[in-house]
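Reading through the C-alpha cells given below for one structure.
Which chain is which? They are A, B, C and D, in the order written, and residues in each are numbered from 1.
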Amino acid sequence: MIEASTVPEFAATTLAPRQRSMILRRLVAHRSFQIGFFLVGVLAIAAVLGPMLTNTKPSAMHISHRFSPPQAKFLFGTDMFGRDIFTRVLYGARVSLWVGFAVAAIAGVFGTTLGVLAAQFRSLEGAIMRLMDALMSFPAILLALGITAALGPSMNSVIIALSVAYVPPGVRIVRASALVVRELDYVQAALIAGARAPRIMLRHILPNSIGPLLVHLSFVFAYAILAEAALSFLGVGVQPPTPSWGNIIAEGRDYALQAWWIVLFPGIGISLATIGLNLLGDGLRDVLDPKLKG
Amino acid sequence: MPVTSETSVEVRDLTMSFGSGGAGRRPTMVQVLHDLTFDIGSAETLGLVGESGSGKSTVGRILVGLLKPTGGSVRLFGRSVTGADRAANFAAVRSRVQFVFQDPHAALNPRIRVGHSIAEPIDIAGKHSRRDRDDRVRQLLELVGLPRDSADRFPHEFSGGQRQRIVIARALSLSPDFVVCDEPVSALDVSMQAQIVNLLMDLQDRFGLSYLFIAHDMTVVRAIARRVAVMYAGSIVEIARNADLYADPLHPYTRALLDAMPRPDPTRIRPRTIPGEVPSLLAPPSGCRFHTRCPHVMPRCRDESPRLLEIAPGRQVACHLFTAAETTEP
Amino acid sequence: MPADALVSIRDLTVQFRTDRGWVSAIEDISLDINAGECLGVVGESGSGKSVTALSILRLHARGTARAARGSIMLDGRDLLRAPERDLRRVRGGDIAMVFQDPMSSLNPVLTIADQISESLRLHQGLSRAEGRSRAIELLDLVRIADAPRRADEYPHRLSGGMRQRVMIAIAIACRPRLLIADEPTTALDVTIQAQILELLRDLRAELGMAVMMISHDLGVIAEFAHRVVVMYAGRIVEQAPVGTLFSAPRHPYTEGLMTSLRGRDIPGQRLGSIPGRVPDPDESIPGCRFGPRCAHVEAVCRAAVPALVSISENHDVRCTPRSQALAPACL
Amino acid sequence: MTPAIRLILIKLLQAVPVVLIVSILAFLVLNLLPGDPAVIIAGDQATPAAIEAVRHSLGLDRPFIVQLGIWFLHIVHGNFGNSLVLNQTVASAMLQRLPVTLSLAGLSLAITLPIGIGLGSLAAYYRGSWIDSSVMTVALVGVSVPSFWVAGLAVALFSVVLGWFPSSGYVPFAQNPAQWLRALLLPSIILSLFEIGFLSRMTRSAMLDVFGQDFIRTARSKGISEWRIVSKHAFRNALVMVITATGILLSAAIGGSVVIEQVFALPGVGRLVVEGILARDYPLVQGVMLIYGLTFVLINLIVDLAYSFADPRVRYD
C-alpha cells in the first residue's frame, strides 16, 4: 500500500484562484441569453398564473361585446362570439408552451438514450440509425400530420406526433458527440480501471455529450410551438373550444380585416415565445460550443 | 503488498494489425506491430522511443488491455493475458497495471471533481468504504504534491502540470506495480517536464514501480530509463542499456534520431539528418523498413528483413550491418 | 534605433478581450530584428512569444486583441497604425510567416499550386500560368520531389513535413526580407524537424532574409539563432547573443531552463526544476512576475516591476538584484 | 472501378434499408398506431355494423401481413393505392397537384439561396457590427414568426387592401407565365421567410467557424484582401455546409407548403394531404407520405454525394 509518509520536495505548487461554474457565469453575462430568458420567463409565468390574471373564462361569451376592439375591459379585444382574446391568449399560452416543453423533453430523453446506445453498442447502431434516417426522410410537419390523423386530433396526439418528428435529429447529435467523447483519454482511463458499459455511458459519455443536445432542444421547443400552431391552424391539432394560439388564429382568420386583433395577439404570442427560445438556444450554443461563438 | 516476480512484463513476438478503410474502400489489414519481444523487470524503467507511426503507443495500449493483439503473447506478473483465459487473467492483474496519458487535458473528465476522478479505479474495484476512499484521495494528492483541498475542484482550475499530477495520482490509487507512461511530459512546458519526471522517479524509488516510458524525446528518456528500446515503423530496431545506447548507438536509425535531437548547445555542429519520412503503413517497404532512408543501405536490406539479435550482453540490434558481422565472424 | 534594424518594436503592449475585461498578454516588449539576422525568441506557453509575432503583421483574430501601447517600425512606418491596405502589401511581401501546425494551416479545398501562387499573383501581378510554374519552382526549392504533380494536389495528400515545406514555399514566394517562423517544427517528428531546420537555414543563407525563430525548445534556438530573446509571462526577461546566453545566462528563469535541460544527460539523476507554475495573464503578482517561482527572490523583487537593464554590450536582463550586481557602473 | 463510382454504389446500397423502413413506416403510421381508422372514418355515432363495413372496405379486417403485402403491391405497381374520396389512384392525384407544390417550393428556394447565403456571409464578415446585429435580428424574426400568421396579414394588406396580388388561386406556368408568377410570388416570399432566416443563421455560423481556422490566418499573412478571403478561402469551405442546408431547406419548403397552400388556396399536394386527413381518406394520406418519404431519401442521397464531391478530402479517399 502506497502511503504519503513524507511530503515531496516540490509540494509547494499553488493553485490558481477558484473559478466556479464558468458556464453559468458566461450564460448570465450573455446578451441573447438574457433577452431569451426574460421573454420565455415572462411567458411561462403568464401561462402558469394564467387563471389568476384574468377574471373571465376563455370560453365565456360576452354576446353584447362581439368584435370589441382592444379596450380597458378587453385588453386584446373580443372575437366573433364575444370571447375575451386576452384570456384566450393566456390560456393558449398554457397549451402552446406545454406542447413545446413536452416535445422537447420527450425528444431529449429519447434522443439521449438512443444516441448514447447507438454510440456505445455497435450491434444497435445500424438499426437505430437507419430508423432515424427513415424518420428524417419525412418532412417534420408531414409526419406529424400523418400521426395526428391516425391518433385523431388532440393535444396529446400533437405532442406524440411532434416528438416522433423531433427525436431523430437529437439522436444524431448525441451519437455524434458521444462517438467523439468515447475516444477521449478519460474514458480510456475508466476502461483500463475495468469500468463496464453502464458506468462509461452514465458517468463519462452522457454528461460530456449532452451540451449540443441542450442547444438543439431549445430550438426543438421553438419549432414545436410553431408546428403545434400550424397543426391547430390546419384543424388537425388542438381542437376548439380549447384555445391554442394556432386555433385562435384559424378561427379569426376570416375576420382579419374587420377584427385584426383576433389574429394579431396570438401571433405575437407565438413569435415572442419562439424568438425567446431561439435566443436562449443561441446563448447556450455560444457558451457550450465556444467554437461557434460569433 | 503482493509478491513480485522478477519480471513484470514479458512480451513475445507481439504483432498487431488493424482493419483499415471505410465507405468506398476495400478493407485492408494494416500491420502496425511486427514481432516485438522485450521484458520489463521489477522496479525497472524501459524507455520506448520512436517517431509517430512507429507503433509505440499501440504497445502501451495493448499492455493495459485497451487493445487486443492479433499475435504473440503478453505476460503480466507471470500471467498470460493473451491466451485462453485472457479475461480472467486480466481481471486478476488489473489493479496492478496503470496508465498515464500524454494530454492531461483530455485525461480528466471535465464534469467530475478531481477527487472523484482519482477515486474512480477504487470505486470500480469496489474495495473501500467511502471514508477510506476519501482519506486515500487526500493521501494521493499529498503524494503527488498537490494541496489536499484540490479534491473538490474541477480539472479546468488546474494548470497542465498540475493535471498531470492528478492523472498520476489516479494511476497510483490502487497501488499498481507497473505503469505505462505514454508521453507523459511531451504536452508540458520544459520547466514542468522536469517536475513530472522527478515525481515519477521519486515514486519509483519509493514504491518499486516498473515503468514503460513511451516518448519521442530521447533526452527525457535518457534521464529516466534504465534500458531503452527504439522503434521504427512497427519494429524494435535496437534495445540497449541507457548508457550504451546514448554513448554508442548501433542501429543507423538510433544514430539518426540522436543526431537529429536539438541540444541546448550553440557550439555543436549537428550532422545533416537522414532524408525521407516514415513510410506509410499501407505500403511498407520491402526488407528492412528503414532501408529507404538508411545511409548504409546494402542490397540485402531491400530483400530481407533483419531480425533483432543479441550482439552483446543486454544489447540487441536489428540491422544487417551486424548480422553480416555475425555470420562472417562466428 | 540601430541603423541596420529591419523591424523595430518599442514598448509593445497587447491586450486580449476576456470575460473579465482586457488582459495584457504582453507588456513593454522592445526588440530589434536586424536585416539578415536570425533572432530566436524562446519561452514557454503563456510567455507571449506568439502574440508578439502575430502583432507584427496584426494577425490576431479580429476584435479579440488590441495594441494598447507601443510601435512596430518597418522602413520608417509604424505597422501598428498603418492602414489595412498598406499592411496587406507588407504581409507576404516584406514580411512572411510560417505557423506551427502544418495540418491546419493550409486550406483543404484549394490546390497546392493555387495556395503558393496566390501571393505572387497578388503582389507581383503574375498570371495564373506564370503563378503555377513559379509555384513548381518554389516546390523544388523547398525540396519536394515530383513538384509538377504535387502542385496540383490538395493538402490532405501530403504528410506533415511536406505541408510544412509547402508553408515555407508560400512564405518565401515573394522573397520577404523577414520570415517569422512560429514554432515551425513543434508539430513534427524529430527527423523531420531536423530536415525543416536545415531547409530554413539553407534558404536563409540563399535568400539573405532575416528570420525570427520562435520556439519553446532551447535546442532549436541554440542551433538556429544568432541572438536570443527569452520571454516569461508576457515580458522579455533576458536578451543576448546566443553564445553568451547559453554560456552565461543571467536571469534566474533562463538559468532554471538551462539546468532543467542539461541534467538529462545523467540517468537517474533528478532534474533541476523550476517550482510552481506559469501565472495566468490576469493573475496579479506584485513586482517581478517570476518572483513566486524564483529561488533568489528578494524584497526588492516584490516592490517594483524590474526594468530590462543592459549589463554588458548586447546583454539585457530584467532582474533587479542581478542587474544591480552586474550592470556597468557608468551611470 | 473508380473511387467515385464505388462511393455512389455504396451510398445507394446504404439507402436500400432506409427505403424499406420508410415504406413500412408510412404503412404503420396509420395501421399500427392505437387509433382505429375504421372508427375514426365511420364517425362517433356509427353503429358497430357500419364500422365493420368500413373496416372491410379498407381491408383492415385482413391479417396484418396481407395488408402489408397489398401495400407493397401498390407501391410496385406505382399507383400507391386508391383514394377513398377522389375516385382516382393516389399517384394520379399526386401528379395532378405536384406542379403547384414544386413551383412554390422551387420559387421559394430560388429566393432563399442567394439572399440567405448573402445575408449570412455579410453578417459573418461584419461580425459584431450593426450590420451583423440587424441581419441576425431579421433572421431571428424569420425563423420565429409563424408563416400562416404572416400569410394572413400579408393577404389582408397586399391582396385585399392594396390589390397587388391575387389572394388565392393558381395559374399553370404553361398557360400564362406572368399570371403564374403573380399567383405564386407572395406565397413563395412568405415561405422563404423562415428559410432565409434559417439559412443565413447557418451560413453565418459556418463562415465564422471557417474564419477561426488556421488556414484563414495563413491567407491573411499572404496579404490577401478580406473580401477575397471571404469569397474564396472561407466560402469554398463553408459550401459543404450550404449543400447540407439545401437538403434541410427543401424539406422545410415542402413542409411549409402544406400550410401556405392552405392559406392561399393553392391546389398543391399539401392541400391534398390536409383535405385527405379532414375527409379521412387514409390511403391518400399514406400514399402521399410514402412518395414524399421516398423523394427525400433520394434528395438526401444526392446531398450526401454532392457533399462528398465538394470536399477533396472525401473525393479522393
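Convention: a contact is a pair of C-beta atoms (placed from the backbone, for glycine too) under 8 Å apart; a residue touches a chain by one contact, two chains touch by 3 or more.
It should be emphasised that the depicted structure is a prediction, and the values quoted were computed from it without experimental measurement.
Undergrad: Minimal path length between subunit A and subunit D through chains that touch?
TA: Each step joins two touching chains, and the minimum needed here is 1.
Undergrad: Which chain pair racks up the highest number of C-beta contacts?
TA: Here the largest contact count links A-D.
Undergrad: Using CA atoms only, can you tell me which chain is the most central one in this structure?
TA: A
Undergrad: Between subunit C and subunit D, what is the gap in Å from one C-alpha centre to the other?
TA: So the centroids are 52 Å from each other.
Undergrad: Provide the C-alpha centroid distance between subunit B and subunit C, rounded to the nearest whole angstrom.
TA: Centre separation, subunit B to subunit C: 32 Å.
Undergrad: Taking each chain's centre as its mean C-alpha position, how far apart are subunit A and subunit C in Å?
TA: A distance of 49 Å separates the two centres.
Undergrad: Among the residues of subunit B, which are close enough to touch at least two other chains?
TA: Only 159, 161-162, 195, 198, 202 qualify.
Undergrad: Would you mind listing the residues of subunit D that make contact with two or more other chains?
TA: 127-128, 212, 317, in rising order.
Undergrad: Would you give the residues of subunit A that are in contact with at least 2 other chains, written as numbers and ranges?
TA: 10, 12-14, 16, 22
Undergrad: Give every residue of subunit C touching subunit D within the complex, in rising order.
TA: Subunit C residues touching subunit D: 57, 59, 61-63, 84, 87-93, 96-97, 99, 101, 104-110, 115, 118-119, 122-123, 154, 156-157, 167, 170-171.
Undergrad: In the complex of these two chains, what residues of subunit B are touching subunit C?
TA: Residues 51-52, 159-162, 189-195, 197-198, 201-202, 216-220, 222-226, 242-243, 256-257, 259-268, 270, 272-275, 277-278 of subunit B touch subunit C in their complex.
Undergrad: So in the complex, which bits of subunit D are touching subunit A?
TA: Residues 17-18, 21-22, 25-26, 29-30, 33-35, 37, 40, 124, 127-128, 132, 140-141, 143-150, 152-153, 155-156, 160-161, 204-205, 208-209, 212, 251-252, 254-256, 258-259, 262, 273-274, 277-278, 280, 282, 285-286, 288-289, 292-294, 296-297, 300 of subunit D touch subunit A in their complex.
Undergrad: Using the touch rule from the top, collect the residues of subunit A that touch subunit C in their complex.
TA: 10, 12-14, 16-17, 22, 25-26, 29
Undergrad: Which stretch or stretches of subunit A touch subunit B in the complex?
TA: Residues 1-4, 7-16, 18-19, 22, 184-186, 188-195, 199, 203-204, 207-208 of subunit A touch subunit B in their complex.
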